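Same chain, two partners: chain A is paired with chain B first, then with chain C.
Entry: the complex of A and B
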């Protein structure tokens, strides 16, 4: 049966997906109306890259989620979690704060894909994260509470403290020796640590790991897709130059 | 309410491995088949493009290919006295979504269960005595046997192009294969994959110690292969973005790379995606399935009547659908009566890490199922007399790749941030390997599936509730097999060994395995099983429930090869027996 009405493009199904399967019979489950479900029969058509595009983060666009003050605090955290040393630039310089900002401004920030229905109640550790707070809320509350703590104890905002003092406070958060107001300090610390590492080691597409700094540091070759000629070269330094989904900077050089 | 659609010969719920295989067999037998899939239509070229699949944040961290818990999740607790809470983010396991299901992001390891497994209770009683099995275990026979299963394993491997080296052919034992496997009617369709350094080192050491290493059977094909459906796959390139990722090379077998490209072109088949099945409907006395009710992505409800209903979703949804449809009697751990939800089991995942100073494993070269293994400590391949447990594990080195958000091994006690963290991370990245031991998990009366009394999905239906913990049997087994694995590790002479035997209680947070089995198990006795050996529901002869939900317990092997074999077995029963004489195939 042929489709009778133009299906609406929503409900997890993009307009592009619908167009991409135009050779399939879009029967809206064989009934009139605006059903978006798809019925496939025969050879499905597809458009190259229809489902795969991730927009690279535009670093020049300014903060999308954080206030200036919050951003300063996050930068002051990520440059201590990943300090500059002989191995690499810092997490701040690598863009970890920008990474976190863009993640929080997107679907992740609201836990849009996760089950967030109540009742919310504490369980055993094995039952996992049961907080009703989204990542965005955790940062908003946690960053404010961290600054409150620092003003009380050290008469300054976190970002204004010396590196050693910031390290000490981060250790205390990690070991639950500081209780923040309105949020479990470990819940907050673990999220920031996880997101910082995600940013530092993810593809540079997402705003952290500037110029593949962490991949160069480790010797991880990145977005390569064929090691057939190398798999049996055992215990050998293969000296790959990393490459990201977006290529690498010397590919852009004018010859 | 639901709008009634025209009658079809068969409706298949779920278009992963099991559903796609059965739908294809039924279409080839001349039936008109409708496939219902709750997720999107997935296609290699469209969804797993080579330019963008190498994205660890998107696929491993944000779980792009997995079922979104906002759509459906489970609740969990360790004991019947606790209150179950929802798993809000997938941790311990990774259910899939869309055509291909979890078969898109699986590792590809494709074992056949050993002949003894299909009659495990009988086998253990014969070998160790009638009273040998402890009360905490509810082990049982499958109601089938090796001779019945073997042709269907063969059929699945030929569809998947599985690579490996036979250890036992019907003509006799073969060198270099797994000596513990059941006799095979034919060798693997493609030869073993090339091996990276860490599995090679492990195999050399294991061989020196008198064990029998073999290439891990892998549905990542080793060379170009065209399967019996006429679908062609390309050789694995060891890209290291495999488990948790879709394959851009058409190398990893899944329903979308081996079955659906042929099936979708057949006239008698149609697939409805973004459609979630709510209920299997039955006639007034519950003796016949009349079809299904499903909801599409616009929230419209449809009734699809069918002569035959095949439920072939993931284990969790198979069982939930049976519970919400009142098929069979719900299991009650207090009385041990009822079969729907009974004998839920998992996998007992152990590992040993080896930190070296002088080796470079190039750990980013890998694939979900490339590696070498031994079965000397698996299942009942060793004498359990006096050990205090039954079962064992598949011991192997399978480097899956080393994308660095997740693959950053450091010795215990290493700081988690700061300059010392960074130094240790760099020092250990290329020189660390791990030996895994994927061990059995034996069913127990207090481990079961039921409907949660509190938490509901977005459509208002109860979530499935898991009540599960590791038994004393399995914890003793885990310690034993991990000790044996550590002996091999020590012989390999690393700087440091860290042994991680599975300990209780079951923890929903760290990933362990997606090998969730049971809850609607197969057997010969309707009092302790839900389906007969043809995967036909006892008392509802036109309803078939297929998948790992049929396993009565879980051996020390990955389940997918057996899921595929059961799908072929169910299809064979429908086509060759049921259609000729519709009704109960077993009395």
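Entry: the complex of A and C
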């Protein structure tokens, strides 16, 4: 240990000092271009009570984005995308429709963090989704078009159809065997499928994944962040119960 | 000409001597103003030191600390040393009006004449600031200063500090600092219904929504298990392995104790840890038995602690030196008064940043995430684990403090 320090102590330049000073030079050279950089001095501001990470979804608050009819259709979809089986409850029972409703009522529904002005043109596959429609519009148009299709072909709304029939229609949508009015059927199907999975696996605080059902199914321990005491314990059941950002039932005193 | 030179020569050493004594007095006075923490109440704006204006919320109403710069019209410019001394030691202002004991004259009365003289000498050198303050914002009948005559009769003894000949010099120096200039008891000794000294000296009390903890030598709820070095470290740097100064104590460390000399801080630590000045019956008590692991609140709290607290404070409550306070065997956790514990869990806290420890590591708020019951459960668990033992925390107490914090 002693030897390593000797070059520096004798007045020479260590490799670390050299790297450090060249880094400083680079930063200095780049500084005039980085006009938007912020400088903080002293201690960052801090306020009591201020760090509210997320407001939990109120599941009993009624639909925020969907109409009753739309909500029934979405529930009928998510119930078939994730059916109840011996692994878990269904996507409907897990609250996936509530999750999607709250997302659409929020910033996601209008793609508020994306550039959503023209020109709109079909891009290459690598450029991904180039549709001018926001998720809210995609659901509004897609759900209406799906019910129109079902009324034409099956004389009933989608939510009124038997499970087998619904599975068949969803498969046809996925494979573009059905063309919906005013919206690309695959674009619509993939959005619903993606959002359903997000609702099923996201933190229950956002309205889906009721009672952490998917996490229990997978053995995912939830919103934990310190594994220092367990990092060396390989191939062992650590018996972690999943925990949501909002907590878990063991937090309440019982008995 | 010769004579004149002689006179001049003869005068020189005298005036030089006078100037240097005066300078020493002023510098001593400056340090005394730090020991007494005058700035805590009398300085709002660091650019206008001691110009007054800090509102003091008392159970009886609001008082505003006056301007003590030497401004003629709005400060102490027309006061004499004798008048200043009467304010410090008798609680009587120029012209005979009574001060309110938010000004800690019941402690400053112990000051030596020399310290009052030097403090006054220092105050003469402060830049005069015109800042007219109506100190008395109290509602009737407390607004009548005359009521303090009766209060003083019941609650105040005018007296100078008497060293205890049985005790060594450092303990006596510590006693003087703690009882007089430091006025530690103003916050750490419970008040009676009149706001006077309520007995149970240094047993801890609620102040401005915080708990000023027990500073008796009791090892379980006081500071008896702290070493002299740990206590000095707390006062000097704003924190030690058990915690960081927050709330009103953060102000104290910020303005005052971080600037005390090491020998004065050691004297304070020795005095407080010795229990001199206290009756041992008052603090020498057996700790209670901890609640068992099968207590429903303790059990629920253990889950919350594991999920939310153990990442920083570690599963064994050991914390991380210098950043996350150790909760195990921590007297601040064991106190009867849970005001600060509940407050820090709900609102979070950023402690004092000092020259020695500039980081001021903050505790995040959990009010958004934990219900009143959950806060009560996790605190009950912490208060009954790893050597701690204390009564359970009630959800109703958490609800009360949550309401008070939201109003702040």
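Structure notes:
Just so it is clear, the second predicted complex is superposed on the first by the 207 of 255 C-alpha atoms of A that agree within 3 Å, B and C clash if a C-alpha of one lies under 4 Å from a C-alpha of the other, contacts with A are read in each partner's own complex, and residues count from 1 in each chain.
As a working rule, a contact is a pair of C-beta atoms (placed from the backbone, for glycine too) under 8 Å apart; a residue touches a chain by one contact, two chains touch by 3 or more.
None of these values were measured; they are calculated from a predicted model.
Look at A:62: by the touch rule set out above, it reaches neither chain B nor chain C. Judged by the number of chain A residues each one touches, B leads among chain B and chain C. When the two structures are aligned on the shared chain, A:248 is found in touch with chain C, with no touch to chain B.
Once the two complexes are laid over each other on the shared chain, residue contacts for A:127 go to chain B alone; chain C is not touched. Applying the stated contact rule after C-alpha superposition, one finds that A:41 touches chain B and leaves chain C untouched. Residue contacts after overlaying the shared chain place A:113 against chain B, while chain C stays out of touching range. Shared contact residues of chain A, touching chain B in one structure and chain C in the other: 43, 46, 48-53, 223-226, 245. Interface residues of chain A facing chain B in the complex, by the touch rule stated above, are 8, 11-13, 17, 20-21, 25, 28-31, 33-44, 46-54, 80-83, 85, 87-88, 108, 111-117, 119, 121, 123-130, 167, 170, 174, 193, 196-198, 201-203, 205-206, 214-215, 217-228, 230-238, 245. Interface of chain B with chain A (complex): residues 3, 5-6, 40-41, 43, 45-58, 61-63, 68-70, 73, 76-78, 82-89, 91, 194-197, 200, 235, 237-241, 248-249, 264-265, 269-275, 296-298, 300, 302, 359-362, 364-365, 370, 402-405, 408, 416-419, 422-423, 425-426, 429-430, 454-456, 505-509. Contact residues on chain A toward chain C in their complex (touch as defined above): 43, 46, 48-53, 55, 223-226, 229, 243, 245-248, 250-255.
Contact residues of chain C toward chain A in the complex are 296-297, 299-300, 303-304, 307, 310-312, 315, 346-350, 353, 358, 360, 362, 364-365, 367-370, 373-374, 377, 405-406, 408.
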